[in-house]
Amino acid sequence: MKKLINKPEDFVRESLEGMAVAHSDLIKVNFNPAFVYRTDAPVQGKVAIISGGGSGHEPMHAGFVGRGMLDAACPGEVFTSPTPDQMLEAAKQVDGGAGILYIVKNYSGDVMNFEMATELARAEDIRVLNILIDDDVAVKDSLYTQGRRGVGTTVLAEKICGAAAEDGYDLLQIANLCRRVNLHGRSMGIALTSCTTPAKGTPIFELGDRDIELGIGIHGEPGRKRISFKSVNEITEILTRSLIEDTAYTRTVREWDEDKGEWADVELIDPPFVKGDRLLAFVNGMGGTPVSELYLVYRKLAQICQQQGLQIVRNLIGSYITSLEMQGCSITLLKLDDEMLRLWDAPVKTPTWRW
Amino acid sequence: MVTQAQILQWLQVFASEIEQNKTYLTELDAAIGDADHGINMDRGFKKAIAQLPTVADKDIGSILKTVSMTLISSIGGASGPLYGTWFLRASTAVALKQELTEQDMLELLQAGLDGVLQRGKAQLGDKTMVDVLSPAVAAFRQALGENQGTVEAMQQAVAAAQKALEETIPMQAKKGRASYLGERSVGHQDPGGTSAYLMLKSLLAVLENY
Amino acid sequence: MKKLINKPEDFVRESLEGMAVAHSDLIKVNFNPAFVYRTDAPVQGKVAIISGGGSGHEPMHAGFVGRGMLDAACPGEVFTSPTPDQMLEAAKQVDGGAGILYIVKNYSGDVMNFEMATELARAEDIRVLNILIDDDVAVKDSLYTQGRRGVGTTVLAEKICGAAAEDGYDLLQIANLCRRVNLHGRSMGIALTSCTTPAKGTPIFELGDRDIELGIGIHGEPGRKRISFKSVNEITEILTRSLIEDTAYTRTVREWDEDKGEWADVELIDPPFVKGDRLLAFVNGMGGTPVSELYLVYRKLAQICQQQGLQIVRNLIGSYITSLEMQGCSITLLKLDDEMLRLWDAPVKTPTWRW
Amino acid sequence: MVTQAQILQWLQVFASEIEQNKTYLTELDAAIGDADHGINMDRGFKKAIAQLPTVADKDIGSILKTVSMTLISSIGGASGPLYGTWFLRASTAVALKQELTEQDMLELLQAGLDGVLQRGKAQLGDKTMVDVLSPAVAAFRQALGENQGTVEAMQQAVAAAQKALEETIPMQAKKGRASYLGERSVGHQDPGGTSAYLMLKSLLAVLENY
């Protein structure tokens, strides 16, 4: 294993230390428990948005902390969800009195840790809601699995909800918006290579010289199936068709019910894309893929969308939700409405984005 | 009677079992998950052990509570909340006790399992630690019903756990990361089930030897 | 070779096609000859900045085309400098009547092709000046080599000169500014892995499992020497010391002499850094390195600079001048004066940067 | 006399030599450069050959000029301007001619070399194509001085080029990408020198056989 690290067990902390000195104008980093937060937090009267997850997906989430996006991010160990104390302390730090939204990717670890954090926060009278992102169409059903994983739509939801919070939306409005973004976003990815976590020191899975993993998760979880290597046009076609042809997806998720003061099971359905939809097309690199290659993916994606009568009105191309140095990509399509479009375009100032 | 000293001893033995099996557990997780289970557990239990001196003279409930809090704030992932909850519920079941009767032990094991079930919502056959913990508790309960002592009941529990662990191999996972593999999860032993088995095995070893 | 491409010979063109559809609000792409230019070019009365070089270093240069930075970029084949006809046609397209600056990285191929382009442009009465970037301290002398290569400082020079052009500087002022940026910038890089060009299909050099290439060039040219793998702290120390301890560097370069209407040899000297200097610190990823690791480099770099009495007042962390999917990094330190600082902070709107 | 047909033939033969040696030239460049010399030359000469029908009935100067322009706009890198300039100067030296005397051939070769020297500023011993082209022109000149014909003179030139090419192996590069290697460039044959040798060898083959 050759990585730009010192000791594997210091990797996450030292990376955060680097971020802290690099971006002291935008963010602060708390250690023990670890979380990254806006220098100007708490912003009084504003809903605070907190996300988090395993490390190794940078720039997500810490790189998205700042005005117009996240108030705080809780980084776990590499590919391991963070712990409830991180989420609770982050909530205390950034609570501006208007409540907190936890944006949670649907992995058993993330879900359970954020649920515990929600319970802890509620016990301390901090108003918290949680919305799950589960957009990965590589996971077909929710009956026989943990349900769809949270991947690319997370990035878009954090931008859009962050802008809404800045705009003065209240907690319920933002939770509803976040749920809507999730319902209208679909993603799927492929891996050309595996990746090596510092702690393990060897590739977390083996992939033959002529194989690719279709439907890879962002933690290197094996995907839908292993297929033989193909041209970028063919790969893009497979991914895009999987997104476009995905039918309504139904599942039950747990959200906090404020009235009852307990968890409630909520049934949610993703409507499929239809001709005429306006889309945000997000081509994401897995960390080790050159941006030049992502443009080949986008090229083909744009052709297919045009043929299908889907109108790409915004795009995002780059490595934003990554798996360390993995080579590969994912595509996320998000159906935009006017409100989401306006919020997407709203100003943002974080270590990753400034516009 | 299980003594407070034995409980402390058990935690030490379990932690060192985890340390010794760190790579093994991680490799099991590499096959059907994300290759971190051993690393996660080792990080958490190392921290938990480091806390033990602060509760060395406390009751068993307090000891388990401290372990729980440390696990919750240091393992992360799926196993963090699950083991954290197991110890939290176990601690509540034996709150303030300095030693544990057979019945206390049953309640401890049952409470831990219930916590895991509630937190993780897994069912029997989903290929998770539940598949190991659940038959173990049942065997322990049955042994008590047959008037066996703690050690004998624990022997039954560990035997059941070992058998159940092997039975996770042909299962198709329906919870946790392994569930994404669908049929490809068949043929691999569940990592969380394996660590759960080690937990019970360590407990038995302490009861037998100390 | 597993890459997100179709045919190797179509890679550069298809990547540019992807850029063109993705960023049609900012840039246009001309094919035959290939160049990327601002949608609003020519900007009347503004000096135009053109750069170019081999492809495979994305986002440099095409990702830097737009308001506040480049007017045009000329992409060659992968790791192969572009040709004079590209540079000439780009010049004709973006010439706003105030002259054109070619920013050229010091490689024999780039230098010769841009010199030919300069001659061709001059022959067509287009006012062109050329400034060389040669900032790579891995190359010790200029007597026995082609001279120092142009690496990280190129990115910074393009931003600063682009802002100056937007600000109304005239051609001579910008050429002088660009020369000054180059004289005050120093870079050096390392590679953890090789990279594979689409055309060759196999790694362009071999690097052992425990080796790193110190002083790597951005085309995978072997570096100063091969050393055994080290911690990021040690690597950063080696790179940073090489930059800080570099003494005055003297060489002769060819610049176009407008008065005489011919090439003139100009002697230039890089002043070394001294205590109290204000720096822009640029930690660059080679394309396949996760940004999380770059923060570990920055962390150590910041410590060393502080110990040395060098004050980092701006930073840039990310993969901006890359070698396809190579893993590794480079560090660039640029001594800033007030003028450069102001121009660095000035607004920019390109596919890569918006602020 | 070298005919216009022979010149056209030479360009074809040279282009196919390049095609056959594409990987070899690229591997030579991989050792001390950036692994693209064969790829660059092949791209350029394929394009140049494709242009030949448009100048099939033109004079030799025009043919070489067309080749030059195509190479300049399609090779790129260091070899693009160098080969482009070689052909540009060569074309000027034989402008408007339909066939070339021994003296014309000498002027063609000398002009090409001069162009490369002026464009690239390399000196003898810098481990570049100059180290091959320069002794070849000298040998050609000397052979003419000894009253040998074009074919014999070209034989001398190619022999000198071949010897000179081998002599690039122990040299340390001082120009081009290989110069960054310092002492590590020693022990490898110069890729540009190799393609230059192929150019002369192809010319000889045509003169001998057509």
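As written, the chain order gives the labels A, B, C and D, with residue 1 at the start of each chain.
Simple rule for what comes next: contacts are C-beta pairs under 8 Å (C-beta built on N, C-alpha and C of every residue); 3 or more make two chains touch, one makes a residue touch a chain.
Please read these numbers as outputs of a predicted model, since none were measured by experiment.
Asker: Work out which chains are contact partners of both subunit B and subunit D.
Answerer: none
Asker: How many angstrom between the C-alpha centroids of subunit C and subunit B?
Answerer: 56
Asker: Measure off the straight-line distance from the CA centroid of subunit A to the CA centroid of subunit C, and report it in whole Å.
Answerer: About 32 Å, centre to centre.
Asker: Give the residues of subunit B that touch two or more other chains, as numbers and ranges in rising order.
Answerer: In subunit B, no residue touches at least two other chains, as defined above.
Asker: At least two other chains touched by the same residue of subunit C: list those residues.
Answerer: Touching at least two other chains: none.
Asker: Chain contact topology under the given definition, line, ring, star, complete or other?
Answerer: Topology of touching chains reads as a line.
Asker: Per the touch rule above, enumerate the chain pairs that touch, sorted by label.
Answerer: Touching chain pairs, listed by label, come out as A-B, A-C, C-D.
Asker: Under the definition above, what is the set of subunit D residues touching subunit C in their complex?
Answerer: That would be residues 26, 30, 32-36, 39-40, 43, 72-82, 84, 119-120, 172, 174-177, 179-182, 184 of subunit D.
Asker: Would you pull the subunit A residues touching subunit B in the complex into a rising list?
Answerer: 33, 54, 76-86, 107-109, 112-113, 115-116, 138-139, 144-146, 149, 197, 199-200, 204-205, 217, 219-223
Asker: Going by the contact rule set out above, which residues of subunit A touch subunit C in the complex?
Answerer: Interface residues on the subunit A side: 2-6, 11, 14-19, 21-22, 55-56, 58-59, 63, 192-193, 209-210, 212, 229, 231-233, 235, 287-299, 302, 315, 317, 319, 322, 324-325, 327, 329, 354-355.
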